[in-house]
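Next, two complexes with subunit A in common: one pairs it with subunit B, the other with subunit C.
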Partner chain A sequence: MDMDSMQLFNIVLTGVLRGGLYALMAVGLSLVFGVMNIPNFAHGEFYMLGAYFSYFTYTYFHFGPISSILLAAVGTFILGAIAEKTLFYPLRKRSKKNWIMNTFLLTLGISIVLQNGAKMLWGNTYRGITQYWPGKVSIASFNISNDRIAGFCIAMVTIAIFWLFLNKTTMGRAIRAVSQDETGASIVGVNLNVIHTLTFALSCLLAGLAGAILLSISPAYPFMGVQPLYKSWFVLILVGMGNIGASIYGGLLVGLLETFAYMKFGSGWQDVVSLAIIIMILIFKPRGLFAKKGVKSVSE
Partner chain B sequence: MLEISGIDTSYGNLQVLWDVSLNIGEGEIVAVLGPNGSGKTTMLKSIMNLVSVKRGKIMFLGQDITGKPIHELTRLGLAFVPEERHLFPAMTVMENLLLGAYTIRNKKIIKETFNRVFELFPRLAERKKQYAGTMSGGERQMLAIARGIMSNPKMLILDEPSMGLAPQNVLAVFETIKKLSAEKVTVLIVEQNVNTTLTVADRAYVMEQGRIVMEGSSSQLQGDDHIRKMYMGIA
Partner chain C sequence: MEKAESSLTKGGRFIGKFGFTPLSIAMLFVLAIFPLVLQDEVITRLLISALMLGALAMAFDFTAGFININNFGYAAFWGVGAYTSALLAVKLGISPWLGMLAGGILAGLLGLGLGFLTLRLAGIFASCMTWFVALAMFAVTANWVELTRGTSGLSVPPLFNTTGNIGYFYTILIMTVLTYVGLKVIIKSHIGTAFRAIGQDLQAAQASGINVTKYKIMNFTISCAIAGVLGGFYAHFVGIITPTVMNTSHTVEVMVLSFVGGRGTIWGGLIAGLVMIPSMEYLKGLMELRLLIYGVLMIVVMIFFPSGLAGLYYKVVQLIRKNASLTKGKKEEKDVRRAGL
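Up next, the complex of A and B:
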């Protein structure tokens, strides 16, 4: 391979690996917005909790990598369910107007409490591990650590399972039904309270899983959730809110874009490029690149 | 089967229903007629707990269902087809129907109900893969009724099924109601299309300004002077 195609290959490889995890985060964020109309600004904190979960299970309790990651997923699922039942459910009963603004403020509050709670409990230090799976793989003279490859594979398998769940199971169909017409869903017998709790918990699970997978690359730290949160919002703005399928492509696209900007213009420029694109999208295509026009606008 | 006794319903401070009572026996087709804004839809929403009842009681199959959440009513055998339809626009006809059978766990029963629904609405069988949001008004109304039938209800509640439909579709909808009643499904139907409704209904109630002002068998009402003047335009 010549220099140019080598560089291109490197960009695609790094970008896709990075994008797979953005997709994992963005799918959860998109799900909660689509089904519950909650712009979740605490999504990054569940990513942070996932990282801490797997850090403690891996280093203190000496679980294997897979069980640590799975336990982090289960843990964040339970925390998400508790948060929905104790915070969003009571708010839903009382708030009829300004739901989006109210939940935005609530999630912002949750985010601050969780960040500082983590700081109080575990201190301001980075807690990481060197590697889940020691070793690397060589692909066309590039060395990629096993962890990155495994992380990408886990992310893709999770997204695939999740997609099957949403499209092929009764529960998954009910979640999509609630996102399209809440009254219609309760008319056919769907218990909205159950679906709301399940949706929020699943979204937290996806974020927690991402945090756990990336532990060897970005160590657990109280404020580590801020960056991934912004990245997931970027994906959502890019592809359109509440469009779960498109957030998968969106995640990969953002991963590629950032890697390209990083390698072409140098470190620090990836955010400039991302934010410039967000501004352009908001001005020229505020519903996102893949807003579902044909289907949604004809709806009653 | 369904017994409403003396309900009052208000939106905030505005009282819409005043002491409304009605009674539907098993296998009957009962219509509620009345002009726009007379409270017909509010009465249905009171049954389905989409608005809360201030006073009075609603019984279904001997059970007090006043204030019961709507998803539990579906499990009891009530199917509601609202005027706004509330379909799932980004899902296919098939998925909408599958969700109609959400409360049924038995796969065999779901399959049988599918056959029954496709027999009633051959048009839907041709369009299984089409998205609900891209269908015409008549097709959507059929899909909404079909989705209601998918739950194998003991009683079907229809709110203005002929609303916005072309005449031949109106006839198709009323044909379906007749067929359903032949299958022992009880039907409560709210309509403004008085003429056609009285030809399929066994009995009817007339609502005006939030009160039941008249009730009787369809033939009685068809001969009544007030009804002929107000609703049929016959002097």
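Up next, the complex of A and C:
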């Protein structure tokens, strides 16, 4: 096997793994925006909290990998529910005027508080683990660590379960109903308060899960959430909202693009390249790459 | 007696044209003589940064409070002004005063470009776009080491040859007043009405014949150009700049000032800057705590006081007027009600 195809394989592998993460994040982000009209800029911080949760459960309390990841998911779910009940619920009760802008600023405030709170509590150090599952898989002459395979599989399985939940269960259908027509849904007896809390908590769960899965690859750090947040917004702009399948494509696309730009142009310049591409897309395909009926578009 | 009164109201109307009230003139006067009376370099420097951030917050509000788009990359335009002015002075030996102007022009041109980019995007996605552009601008500044010296920073010649800060203080005071008057005159004209219409309901504005494209781009250009000029001032004031001036945390700082002050008022951000920056200075040793307080303030303001300090002020004024009119009779009350509306 020559160097070039080796490098290409590496790019694809890293890109796909990152893409899985971005998809997981983007699904949560798009869910909250679709159902509650909240542009959640604190989404990355729940990713960060997930990483810290699994770090502490794994290293201090010696839980197994799966149970640490699950605990991180449960933890961020609970924190998300608390945030919704204590912050967004009062705001919704007080006023609905200028809701998107107000919640945007509110989530920004939450993000600042969580970042700096984490920094005060746990310091500015990286807290990571070497691996959840030691060992690697060899295909031909490539070596892929078990963690990467497991991480990608967990991400995809989670998205699949989530899709089933949204489409096949009563609760999931209620969430989708609210995202389509809030008043209509409440007339037919959907409890909006429950749906809102559940939606926000679920979205936080997805972010926390992503942080926990990737702990061995990107260690826990107070400001680790900014990059994934930025990328998941990138995905949403690319594919539009409210379509889980499109979010997966978008996530993989952004992951590959970013890794490729990183390899080709060096670190630092990949932001410029990604931005140039997104500008082109917005100019030539302002309705997103997968524009179709039922997908909320980003243009007016 | 009557004559004096009428000339007084005339005067009031005249300063009102530039967005002043007798109270604000008095406050401005106190502020202007403050450093002369106190003669304290630390406090003067504090006032300079308060005024600078306050002016930025006003220009930020010009976009966020009127056309309802959060320019989440605002600090990058500030940074562009800083780097333009600094590089012109360092590489070509151009006077800092011209450099600041050049910084404003370049930032304004970039703002024009940003206006075009965000044109087709709905509210929150427009904010995302400004953020992405700012991140890219940051990346370019940090990585173009041959020009900007990257993260090692660029040392910038000062604006004045003296060691004192008084010169800087009056420069930024004049710049702040000019920013305020300029923005206020625009807002009071038909252009401001168009901005408000766009911010409140884009479709309705379009339907009533407002050229949305023109006004949106005009707004972005003006607001970014002001950031550029202020950035130039900042570079020559602090003497060394690194790409971190373009950091999102600076945008957040300006944004918090503008929203705590009260959106859509222009002056709110300045007042918030003058109150918050000096009081935050006491927490300088605890950087995290300072940011934490910003975050908490943001949350509290959004949930409980969406109209900020300005809203509180108007409420107090209304209360005082109501009490006064109760004692005076019904006719005045009617007038007040009309004025209040």
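Note that in this section the second predicted complex is superposed on the first by the 272 of 300 C-alpha atoms of A that agree within 3 Å, B and C clash if a C-alpha of one lies under 4 Å from a C-alpha of the other, contacts with A are read in each partner's own complex, and residues count from 1 in each chain.
Keep this in mind: a residue touches a chain if its C-beta (ideal position, glycine included) is under 8 Å from a C-beta of that chain, and two chains touch if they have at least 3 such contacts.
The model shown is predicted, which means the values in this text are computed figures rather than measured ones.
When both complexes are overlaid on chain A, the residue A:Leu91 reaches subunit C alone and has no touch with subunit B.
When the two complexes are overlaid on their common chain A, residue A:Arg176 makes contact with subunit B while staying clear of subunit C. Touch criterion met: A:Ile187 reaches subunit B, while subunit C stays clear of it.
Considering which of subunit B and subunit C touches more of subunit A, the answer is C. Applying the stated contact rule after C-alpha superposition, one finds that A:Phe63 touches neither subunit B nor subunit C.
Residue contacts after overlaying the shared chain place A:Phe234 against subunit C, while subunit B stays out of touching range. Once the two complexes are laid over each other on the shared chain, residue contacts for A:Trp122 go to neither subunit B nor subunit C. Applying the stated contact rule after C-alpha superposition, one finds that A:Gly268 touches subunit C and leaves subunit B untouched. Of the two partner chains, subunit C is the only one that A:Leu108 touches; subunit B does not reach it.
Residue overlap on subunit A between the subunit B contacts of one complex and the subunit C contacts of the other covers 298-300.
Within the complex formed with subunit A, the subunit B residues making contact are 48, 50, 69-71, 74-75, 80, 82, 84-91, 95, 98-100, 102-103, 131, 133-134, 140, 147, 151. By the touch rule above, subunit A contacts subunit C in their complex via residues 39, 87, 90-91, 94-95, 98, 100-106, 108-113, 115-117, 119-120, 226, 230, 233-234, 237, 268-269, 271-272, 275-276, 278-279, 282, 286, 298-300.
Chain contact summary for the complex, subunit C toward subunit A: residues 68, 70, 117, 120-125, 127-129, 131-133, 135-136, 138-140, 142-143, 202, 248, 252, 255, 259, 288-289, 291-292, 294-299, 302-304, 306. Residues of subunit A touching subunit B in their complex: 170, 173-174, 176-177, 180-181, 183-192, 292, 294-296, 298-300.
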